[in-house]
Amino acid sequence: MGIHKFFTSLNDLERINRAPGRFKFEEHNVAAHSWKVSQYAMFFATLEEMKGARIDWKILYEKTINHDYGEIFIGDIKTPVKHASPELKSMIATVEEKMVENFIDMEIPEEFKAVFKNRMKEGKDSTIEGRLLELSDKLDQFYESFAELKRGNTDFEFVNMYQIALKKILEIPLPTSVDYFKNTMLRDVMNENTTIDLTELTKEVIKDA
Amino acid sequence: MGIHKFFTSLNDLERINRAPGRFKFEEHNVAAHSWKVSQYAMFFATLEEMKGARIDWKILYEKTINHDYGEIFIGDIKTPVKHASPELKSMIATVEEKMVENFIDMEIPEEFKAVFKNRMKEGKDSTIEGRLLELSDKLDQFYESFAELKRGNTDFEFVNMYQIALKKILEIPLPTSVDYFKNTMLRDVMNENTTIDLTELTKEVIKDA
Amino acid sequence: MGIHKFFTSLNDLERINRAPGRFKFEEHNVAAHSWKVSQYAMFFATLEEMKGARIDWKILYEKTINHDYGEIFIGDIKTPVKHASPELKSMIATVEEKMVENFIDMEIPEEFKAVFKNRMKEGKDSTIEGRLLELSDKLDQFYESFAELKRGNTDFEFVNMYQIALKKILEIPLPTSVDYFKNTMLRDVMNENTTIDLTELTKEVIKDA
Amino acid sequence: MGIHKFFTSLNDLERINRAPGRFKFEEHNVAAHSWKVSQYAMFFATLEEMKGARIDWKILYEKTINHDYGEIFIGDIKTPVKHASPELKSMIATVEEKMVENFIDMEIPEEFKAVFKNRMKEGKDSTIEGRLLELSDKLDQFYESFAELKRGNTDFEFVNMYQIALKKILEIPLPTSVDYFKNTMLRDVMNENTTIDLTELTKEVIKDA
Amino acid sequence: MGIHKFFTSLNDLERINRAPGRFKFEEHNVAAHSWKVSQYAMFFATLEEMKGARIDWKILYEKTINHDYGEIFIGDIKTPVKHASPELKSMIATVEEKMVENFIDMEIPEEFKAVFKNRMKEGKDSTIEGRLLELSDKLDQFYESFAELKRGNTDFEFVNMYQIALKKILEIPLPTSVDYFKNTMLRDVMNENTTIDLTELTKEVIKDA
Amino acid sequence: MGIHKFFTSLNDLERINRAPGRFKFEEHNVAAHSWKVSQYAMFFATLEEMKGARIDWKILYEKTINHDYGEIFIGDIKTPVKHASPELKSMIATVEEKMVENFIDMEIPEEFKAVFKNRMKEGKDSTIEGRLLELSDKLDQFYESFAELKRGNTDFEFVNMYQIALKKILEIPLPTSVDYFKNTMLRDVMNENTTIDLTELTKEVIKDA
């Protein structure tokens, strides 16, 4: 019991691959994903701050680095399952939360229990930090599918993942960030030399947004 | 839609690793696991038949090679989760079944739908073939943890998995097979030159059985 | 000596990769291959049975799961070698058989020796089960090369393997199964979105069949 | 040019392995390492804050997630080299900095240049956040070598890395955090069931600290 | 200390990957690279000898198999870094040399010290053997990038590496070898069926040579 | 057809793993093995030359880098097979030779055919260079099994491989080299800190030599 146990548990997330079972030219683990999410979030928070928003950096830091810690207990359940049944999706979320709580009760010393419980709870709320997490998490799906399509992965799942992530990003109520993504970054994305042409796939989504 | 789609889906199980997130000296995928299970089952069915039991070989063949097909949709959810809550365990089983059914409805041609639905349903029933499947599935957990302990994996999870698998095997109501395992095979297991001593770990379980 | 030794030997086939030395986007091991072969065979046997054939399911089960066990001793010798010299091909088959026999003599308990020898012998005979094994084994070569061509592997060996497997499947004297493959499944294969166009490669072979 | 380019560059750090050339039972990449460092730092900053220190969370967040970004250009140069010559060590640091600056000048849009330059500079200064970064970075060396020793890696380099990381941690001028590590966490470390006994190795360093 | 230590150190070069951090369809380690370089050099030396040159085979053998031994100490520093600053490039070369010397002083028995120092020093001098090494080392960069482009790797770095390696090969003052490469081998290269068309990329460089 | 084809074929040996099917903590490919053999041979040839022997360095260079080229066609057939039947062993050697010859006839330009045929033939003859090759090839088996035993691989095959390689080295009629190995290097081997104790295993063989 103790912080040593918590620290060694982090290593487990280096062994949980994202999107298990799909053919990919490159695997990504949940630890590295969490780092990339924390990078995207820092950039967009900076942009929002420049345009006048107030960011609680401690909360953003907590949300991004902890948002997938629960996968230590439950793994990266395949996305289709999460969406197959709203009942299951919510059940899985509940179990994940309970297992995290249970871990905290058993392993985390008394004086840190409250802090850990607060930090580990679902972070995608309607605060600006919650929305930045939502945006950044989807953006990593966008970039993971982008990298596969760029290298010629013709599996339909990645085309699908690319368009769904794109659509969800465009709907997030963070106008400054979403505008920057849409008007500045997507232009660079479409200019890349990719094996599968992304311009059409991207435009299909944009015109419906 | 069609059998071609079913055949290409088999490849997905080569990419789903067993026990994701744990440190292992050697990874095992669900496709190879299914093959080993079909080998164990064939041996114990042969033994049972020699001692007078009647085996329906077609059913045994169907049960063993299909018993983890549902993991194509749901992945190999971490064992602790399955046991954390009986409610979740049953919910997960239900969803897995529904996703398999849904796949069959959408992809399998009409004339094969009934056959596939029958084949893909949960196989661990109280028939002799169902029990041989149960035994063989646990035996692969036994051998996967055996191989890790033999090579010196000191993570507690594998000691645990070894003892739980052993205990469950000894409780399966297949006296001929369980006796053979207990009295003949376990002796060879304990005689192996392993980094972590298995004699004590094994005896602890046997004496309580 | 004993069944424990046989069971642990199965793990070796998870470490023998198919077609060693060739560049592949995805590796396949002999254990997972054996499972896929047992799946294909079960489907085609079901189809044959529906059309009136009689299947001995125990024999089919034995043939499919054991057909590459001998590679534990000899590895997956490169295909070109097998065909380079009929003399060597037959010599290699002989040695493989002798090594399996030798293993059975040394490791398998007396009461199971006859059963094991029968099970492990070359399964591709002229019975319907033997032909289903032949079809299923070639079908896995077809699907392994299909997956490489789909992802853009331009190495000539996979074009070659694709066309040879296709040609051999079409020649197997199992009209019901071969018709289904040719008239139903190949249509779906050619409709797939693949990096290397398979329609031409497929038609070249079909028109000569 | 642009933020899209910066975001895709993050993927490169998933492909740079730590301590290249050494035999390890498990590889770690720089992206996952950066995430673990950000987790350790958050914990110790929380502890320091509880004991009355003031933490600038934005700066800590920036320091931890960006501290190894420069390895995109220079790779993870082997530690012995870094210490072989103080002249080289400083030269390498200079070049790394210049390449990061150069990247920012070429790729980062004007309005973000100053922010990026500030964020990417060497973070291990004498502020409390700089010291928390130093502690966390060393702690990951400690945990990486701990995991190898636990699994029985007898290569001298990991014994060495373990003791050097431990020694450096104990010298960092952050008494609250170092006390917690020394008096609470190290006790749990020494209680672990490891293949190579860590108690002696740990005590040798502690008694000299 | 001793030759045993030197021999076990060779294993380290099997773990150092070439061009770390770049996405590749296939990784190459420094040990295998050294072998391929020794093969290319043997061929071109044979060609030069046929046309009347005198080759010191012992020196060629020494140069090719030892030319990257120093990477044991310093890793495969990313190419862009090597060229970012001539000052750093020379500094890195100096340090690499010093670390090799230091290793020889500490580990190699007295009677072999001089031989090892001579063998391990920078081999790309203006002798014919030095030039054959230079040609062969560049040729492996050419073939590594060729294999990536052939399989459809659209990352700009490999297009770049292909053209730079080609350009440098054409400038090496070994007319017989370079003519053979340019007039005989490049024709075969351009005739290959590759995902990314190499004819244009190749001709761009040739016409400037 | 041509040297380009020969050069690209070298890449295949990077994908053929040594001792396929065995559990190993670390894999080795045939290309890297060939390089290590060329390193061992250079050292022992140097030693022999110092003691007065005459070495033909060109021949030694040819023998060591080409000695396993034939595995491109035939793979690394499992060692037990090679020794199971002297008839097969010789048959396999014949076929390997014929496939190499066949490759040379088809792919190598006329003017180099004789050189290639000479270079690629079995190198382990009774010349001093042939014996140095034999010693070096066995020494790599010695070091591959040494590394596994050092890390705690308890599989009997590596104990066996270690002792057989050791025994064969001691029998090679190269007294100077064998003495150096036996009296100088083995002492260092036995002094290493290894998980499996090598002193006993080594002495058992030495006392019979």
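The first chain written gets the first letter, and so on, giving A, B, C, D, E and F; residue counts start at 1 in each chain.
The working rule: contacts are C-beta pairs under 8 Å (C-beta built on N, C-alpha and C of every residue); 3 or more make two chains touch, one makes a residue touch a chain.
Computed from a predicted structure; not experimentally measured.
Participant: What chains touch chain C and also chain F?
Facilitator: Expected: B, E.
Participant: If we define chain centres by averaging CA atoms, which chain lands farthest from chain E? Would you check?
Facilitator: Chain centre farthest from chain E's centre: B.
Participant: So which one's got more C-beta contacts, E-F or A-C?
Facilitator: Ranking E-F and A-C by C-beta contacts puts E-F first.
Participant: Select the chain at the greatest separation from chain A, using centres from the mean of Cα atoms.
Facilitator: If we average the C-alpha coordinates per chain, F ends up farthest from chain A.
Participant: Counting in whole Å, what is the centre-to-centre distance of chain A and chain D, each centre being its mean C-alpha position?
Facilitator: That pair's centroid distance is 24 Å.
Participant: Centre to centre, by mean C-alpha position, how many angstrom separate chain A and chain B?
Facilitator: Distance between chain centres: 33 Å.
Participant: How big is the gap, in whole Å, between where the Cα atoms of chain D centre and where those of chain F centre?
Facilitator: Taking the mean C-alpha position of each chain, the two centres sit 41 Å apart.
Participant: Residues of chain E that contact two or more other chains, please.
Facilitator: Expected reply: 11, 13, 23, 25-26, 147, 152, 195.
Participant: Please categorise the chain-chain contact pattern as a line, ring, star, complete graph or other.
Facilitator: Contact map by chain: other.
Participant: For each chain, which other chains does it touch, given as pairs?
Facilitator: Pairs satisfying the touch definition: A-B, A-C, A-D, A-E, B-C, B-D, B-F, C-E, C-F, D-E, D-F, E-F.
Participant: Within their complex, state which residues of chain A touch chain B.
Facilitator: Chain A residues touching chain B: 11-13, 15-17, 20-23, 72-78, 80-81, 84-85, 87-88, 91-92, 95, 98-99, 102.
Participant: Give every residue of chain A touching chain D within the complex, in rising order.
Facilitator: Those residues of chain A that touch chain D are 1-8, 10-11, 13-14, 26, 28-29, 31-32, 34-36, 38-40, 42-43, 46, 50, 55, 57-58, 60-62, 65, 111-112, 115, 139, 143, 147, 180, 184-185, 188-189.
Participant: Considering the complex alone, what residue numbers of chain E touch chain A?
Facilitator: 23, 25, 152-154, 156, 195
Participant: Within their complex, state which residues of chain B touch chain F.
Facilitator: Those residues of chain B that touch chain F are 25-26, 147, 150-152, 193-195.
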